[in-house]
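Chain naming follows the written order as A, B, C and D, and within any one chain the residues start at number 1.
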Amino acid sequence: MIRYLTAGESHGKALVGILEGMPAGIKISSEYINHQLWRRQQGYGRGGRMRIESDTVEILSGVRFGKTLGTPISLLIHNQDYNNWREKMAVEGSGGSVERMRIPRPGHADYVGAVKYGFDDLRDVIERASARETAMRVACCTIVRKFLEECGIFIGSHVLSIGSASLADRADTDRLIKRYTSKASCAAYKVTELADRSPVRILDHRTSERAVAAIKKAKKAGDTLGGIFEVIVTGLPIGLGNYAQWDRKLDGLLAQALMSIQAIKGVEIGDGFEMARRHGSQAHDPFVAKGKRIDRSSNHAGGLEGGVTNGQMLVLRAAMKPISTLAKPLKSIDLDTLKPTPARYERSDVCAVPAASVIGEAVVAPALASAVMERFGGDALDVIQTHIKSK
Amino acid sequence: MIRYLTAGESHGKALVGILEGMPAGIKISSEYINHQLWRRQQGYGRGGRMRIESDTVEILSGVRFGKTLGTPISLLIHNQDYNNWREKMAVEGSGGSVERMRIPRPGHADYVGAVKYGFDDLRDVIERASARETAMRVACCTIVRKFLEECGIFIGSHVLSIGSASLADRADTDRLIKRYTSKASCAAYKVTELADRSPVRILDHRTSERAVAAIKKAKKAGDTLGGIFEVIVTGLPIGLGNYAQWDRKLDGLLAQALMSIQAIKGVEIGDGFEMARRHGSQAHDPFVAKGKRIDRSSNHAGGLEGGVTNGQMLVLRAAMKPISTLAKPLKSIDLDTLKPTPARYERSDVCAVPAASVIGEAVVAPALASAVMERFGGDALDVIQTHIKSK
Amino acid sequence: MIRYLTAGESHGKALVGILEGMPAGIKISSEYINHQLWRRQQGYGRGGRMRIESDTVEILSGVRFGKTLGTPISLLIHNQDYNNWREKMAVEGSGGSVERMRIPRPGHADYVGAVKYGFDDLRDVIERASARETAMRVACCTIVRKFLEECGIFIGSHVLSIGSASLADRADTDRLIKRYTSKASCAAYKVTELADRSPVRILDHRTSERAVAAIKKAKKAGDTLGGIFEVIVTGLPIGLGNYAQWDRKLDGLLAQALMSIQAIKGVEIGDGFEMARRHGSQAHDPFVAKGKRIDRSSNHAGGLEGGVTNGQMLVLRAAMKPISTLAKPLKSIDLDTLKPTPARYERSDVCAVPAASVIGEAVVAPALASAVMERFGGDALDVIQTHIKSK
Amino acid sequence: MIRYLTAGESHGKALVGILEGMPAGIKISSEYINHQLWRRQQGYGRGGRMRIESDTVEILSGVRFGKTLGTPISLLIHNQDYNNWREKMAVEGSGGSVERMRIPRPGHADYVGAVKYGFDDLRDVIERASARETAMRVACCTIVRKFLEECGIFIGSHVLSIGSASLADRADTDRLIKRYTSKASCAAYKVTELADRSPVRILDHRTSERAVAAIKKAKKAGDTLGGIFEVIVTGLPIGLGNYAQWDRKLDGLLAQALMSIQAIKGVEIGDGFEMARRHGSQAHDPFVAKGKRIDRSSNHAGGLEGGVTNGQMLVLRAAMKPISTLAKPLKSIDLDTLKPTPARYERSDVCAVPAASVIGEAVVAPALASAVMERFGGDALDVIQTHIKSK
């Protein structure tokens, strides 16, 4: 079982992560992780912070001479902006002279956190509720992802829509993806590389341009945009996950992982909500024999039946709401006076869907890797690889 | 922390459940649970089994003189059909003369389960992967739900669409719900009672009739239908859940609970996927002061911000795919010969969306109740109630 | 990961258990489990209940045609005495006419449970805190034990002392055990069979007789006795468990399992407390090469180094306090009047150490089996067996 | 529920810890934690490393202006010796020129770890299996301990024996402890302060001197010593823990915590193994009424009945084996040649029982604090304090 915990406030000293339960012998480098951190910071529509900070990870334990030791891997990402926040975010001292934040932003945890903990400074909430935390989630999960790659399992993603700029012809994109997936187990990675070439990670060129224009317009209006992204996984063997108990179903675990990303409000598997509109005769994936191999003539299920992988490409989608911090702020109230006032503006993005898609790639890895280890268990990578091959 | 495990094969002797971690002092009766089991068996479009079996629960432990003891509650639902399956589902013996099933049904776990475990009889899979298991999930979670009700928290649900028969005017239904929710914390329960009057649990009368007609037509065609349902929760205090760690976020935990229901392929919170198309200025819920009370002028977030309840109605939606077992069977293959053959038909429903909505009501309860106990902890109900009131 | 939950009050309808996470393909029968339940009921010094009830288990799910299905296994043990307790332990009804218990027994959970939950009838506590619950623990864990046996791992136990009747010469017994363990991986089982021939499960005949006499005498005096038992496990491969994180260390997990048995107040591994008195030069197990095989010249560590199995026999010991319910009752007070009064006598044993040793054998199985599955993972027994052999 | 994970190799860059689930509002400083780290490094018999390194913690997150935020607290302890190990413990690079360790030390995880993970350099094991890791356990648990203190619960410890130097008269020490515990809930802390005055943390002056002499002698002989320590907790309310399910019993959880400390081979609660020799009439703690207060006339149970606190002082003991690394090394073999050879000597302590007792104080805190939060739950310290007072 793989566990990971993250820690760290948005403007504190550092983000910290501990990843527990990885097999020994996985090749990993900070460079490999940094590449994913870099991808998480890209995308048209990001705010100022992305320009001033370039996240780099420091591996503090669990790796020796470039390989995992089977021991807990701890990671550190220094907040480069911390120097400007030393006083406001001091661990010690009374903070007596630091201004309290008292105007909650709708859509954020500001208010609920203050009620929950009895804080009188909203900063005590927003520093951790911030999506900045996902940098460490990506760092931890990237190691898990490397393990999956060593097992022949590859994760990718692309963006389907930003605001109303949506793929005109989904079939086109599907054909594009299929072109890759028919070739190799690493197909998902190839798709994600292709998506990385677009500033908004949309595979269709014209839709990509429309999305950029929409973001530009929203920015000018002091507004923000959300969107939908898709995570795909190729190379998955049949039989990962479990139908025997509700909390071991892979569909539930993957939904949790995606829904727990900040600002995600919807998750779909395979044809998802569209499935609800169809007849059964059009919704499932018939079995066909290709020589001695059993195959399917479609993939409406998105690779999961009964909460278990069926050997087809895993297809997950998530809907991200528009960023809650607007340059032209939403209506709020001052908690001290209860008088109406605009929400406070804190430097933010206009659109972060491309980043969210990269985060989505990362967070699905632990559930998949735990399922791999349950089915092909072993303490070291080479043993697990042998177990996989022997099936 | 509330835990529950279920056990039991679809045609075995019984379904069994153990619910762990409930406070002492909650009034519970088998009658109360049976009512929810009965609701789970209703709905236009159910198959033969629903007519021959009426589930009733036996409480074996954890309750004395009508109140929980704080000890594990164990439940039993006898499979009334077991007499006809004694030989096929025998716990002991060789089963030598029992016919093996070798034709997997697309959309079910039949094939993936057989590959996973190396079974040569698909029945070894389908008996547990079956949605029959949800009867025990409903039984366990109904006790949790009773606890929530004692805390002033009420859960309800209604169906939004079946196949293409979808609410013409969602606003109408929202107004209907609002009429109740403005009055009392038990509003969700009132809504669910209203929905129970429709054979498909759709609040709008005309849509309900169209849905019934669609099911009738699908049945005639040997086909099946899915749909979308909505679970709502009223009376939730602010501050349940946690934004501090990915696996404690209530949005993720609720998504897992719903996605782990058989045949669910999508989950939304609040405005969900629709959020992804909107601008930030139209997507969030501004704060307004009503006298000394802080309120919101909308509920796009569906009651959760940062994975924490914000005091508004919780709104969750789930998409159910059409039943995978069709009277006019899907294409499959015989696993022995790899020759094409129609999938085997096993008695099934045409549409089970109304039942799924009742299951949805149930399965969200443990995550909510665990959050209540974390925030207002105590060993006995009256202590927890005092803690809630004192906030 | 193996999970199990038990439920059931001592005089309620039944004990219930669910065992989750077992591989498919393990041969299991109720007869096999009943044998362990029978062993748990034996031993000189047991009270009346053991004579009137002979526990038998009913397997309700998870097993078909004598083999596990990989699905949750649920078990039922009916309380044969329930007929006499129908009114007192009724699930429903007001219980208005049932006498409340108000005199707590020192050493039991009676008082702490009443304070914890606010009960005014101590029966609400003692019914679950009772060691009767261990019958279901034994039943669940026996299935896990069968899995271990299929992996070549065998568990046994014997009693070392009852009251002051203690093995005069521990070395004698060690030689006896060694005679078996030098021969076969199932040695532990052989030892346990031998111990079963003594009415108090003591391998040395004279000590056994002294123990019986001590129990006889205690009984006459209205008193009770505790003792010490040893659980041994043979056939364990090197490398089970983990030193990487505190909560994955096998020594900690085994200590938890044993200490959680009712009335256990001490746990030792290998030479245990005796170790604390020795010099390092006399306390560890030097490596020796026997041909190409690496071996040890002693087993002071009891088979665990760094929380990981080292291929030697696992040796665990537990100390059981004397039964807290005495025929000549301890001093107590009436909770209503706070006046001194003798504790209430409820039918009980004079000595249950032999039974506790059988329970000890059972409860260590899940931690060991989880470690086996982590190291040699797979969904079905034959796959796991292949993984073990290939090491 | 409180969770914590530690990471870090003994000679790597740093030890890292994340503590999750703490309430908001607990006053904490690095100074407070450093004091416990300092105590962990004391004791007559420690080796060279303790002299060259003085552990200090850096709080990286979860604390602002001296108070916990309810968010994950991450801690860092730099390994001051790392500069000398940069090459040998490099995270990146091939390590080609670094000498492999091939001679396992009996009593350590060296060999079992190498077999488990297939390592050919024993350093890959010993760096994490080392008790160095407990520095971070102490750091994390010290914060939990501070929370307990704010709830009126205090933890202390003292050493009972080192090698054969054992308290001549345990009753003397008990009287000493009683003198404090009769006065205040913080008694345990007072006792621990007193113990800190002895170089071996033994309360009895003459035994302390004999222990120092024994260590001196062992050192001269190139040998090592273990011992027994006792952890006590005062101020515990009645009703923490749970008898309802085996894995929620506080006795089991505390035994796990202590047994998971490196080199611990035995754990006792209350009178422990001594209990096994006594009659029931002498082994339990009769109830007595002191005015309107219910009290006990003894504390054989050590504060736990049925796995639940009974309001008496919690008494836990643990046996530590002698350090496995000897200056006059134990017999081992070279894994390359299988030829006999002395075990490699790596700088080590002669006796670490005083340190272990400080570690023991720390590691019991999370289980106790989780039980407090379950019974008196709340998100912030002041709320929990109010809940405690209102009982």
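Just so it is clear, a residue touches a chain if its C-beta (ideal position, glycine included) is under 8 Å from a C-beta of that chain, and two chains touch if they have at least 3 such contacts.
Note that this is a predicted model, so its numbers are computed, not measured.
Across the assembly, the mean Cα position most removed from that of chain C is the one of A.
Comparing chain pairs C-D and A-C, the larger number of C-beta contacts belongs to C-D.
Computed centre separation for the pair chain B/chain C is 38 angstrom, with centres defined by C-alpha atoms. One finds 27 Å separating the Cα centroids of chain C and chain D. We define each chain's centre as the mean of its Cα atoms; on that basis chain A and chain C are separated by 45 Å.
In chain C, the residues touching two or more other chains are 5-6, 20, 70-72, 116-117, 128, 239, 244-245, 375, 379. The part of chain B that touches chain D in the complex is made up of residues 1, 20, 70-72, 239, 244-245, 373-379, 386-387, 390.
Touching chain A in their complex are the following residues of chain B: 5-6, 104, 106-109, 111-113, 115-117, 125, 128-129, 137, 161, 163-164, 166, 218, 221, 223-228, 238-239, 243-247, 249, 251-260, 262, 264-273, 275-281, 283-289, 292, 294, 296-297, 300-302, 305-311, 319-324, 326, 328, 330-333, 335, 338-340, 363, 375. For chain B in complex with chain C, the touching residues are 3, 5-9, 12-18, 20, 24-25, 29-30, 58-66, 69-74, 76, 89-95, 98, 116-119, 124, 127-128, 379-380, 382-383.
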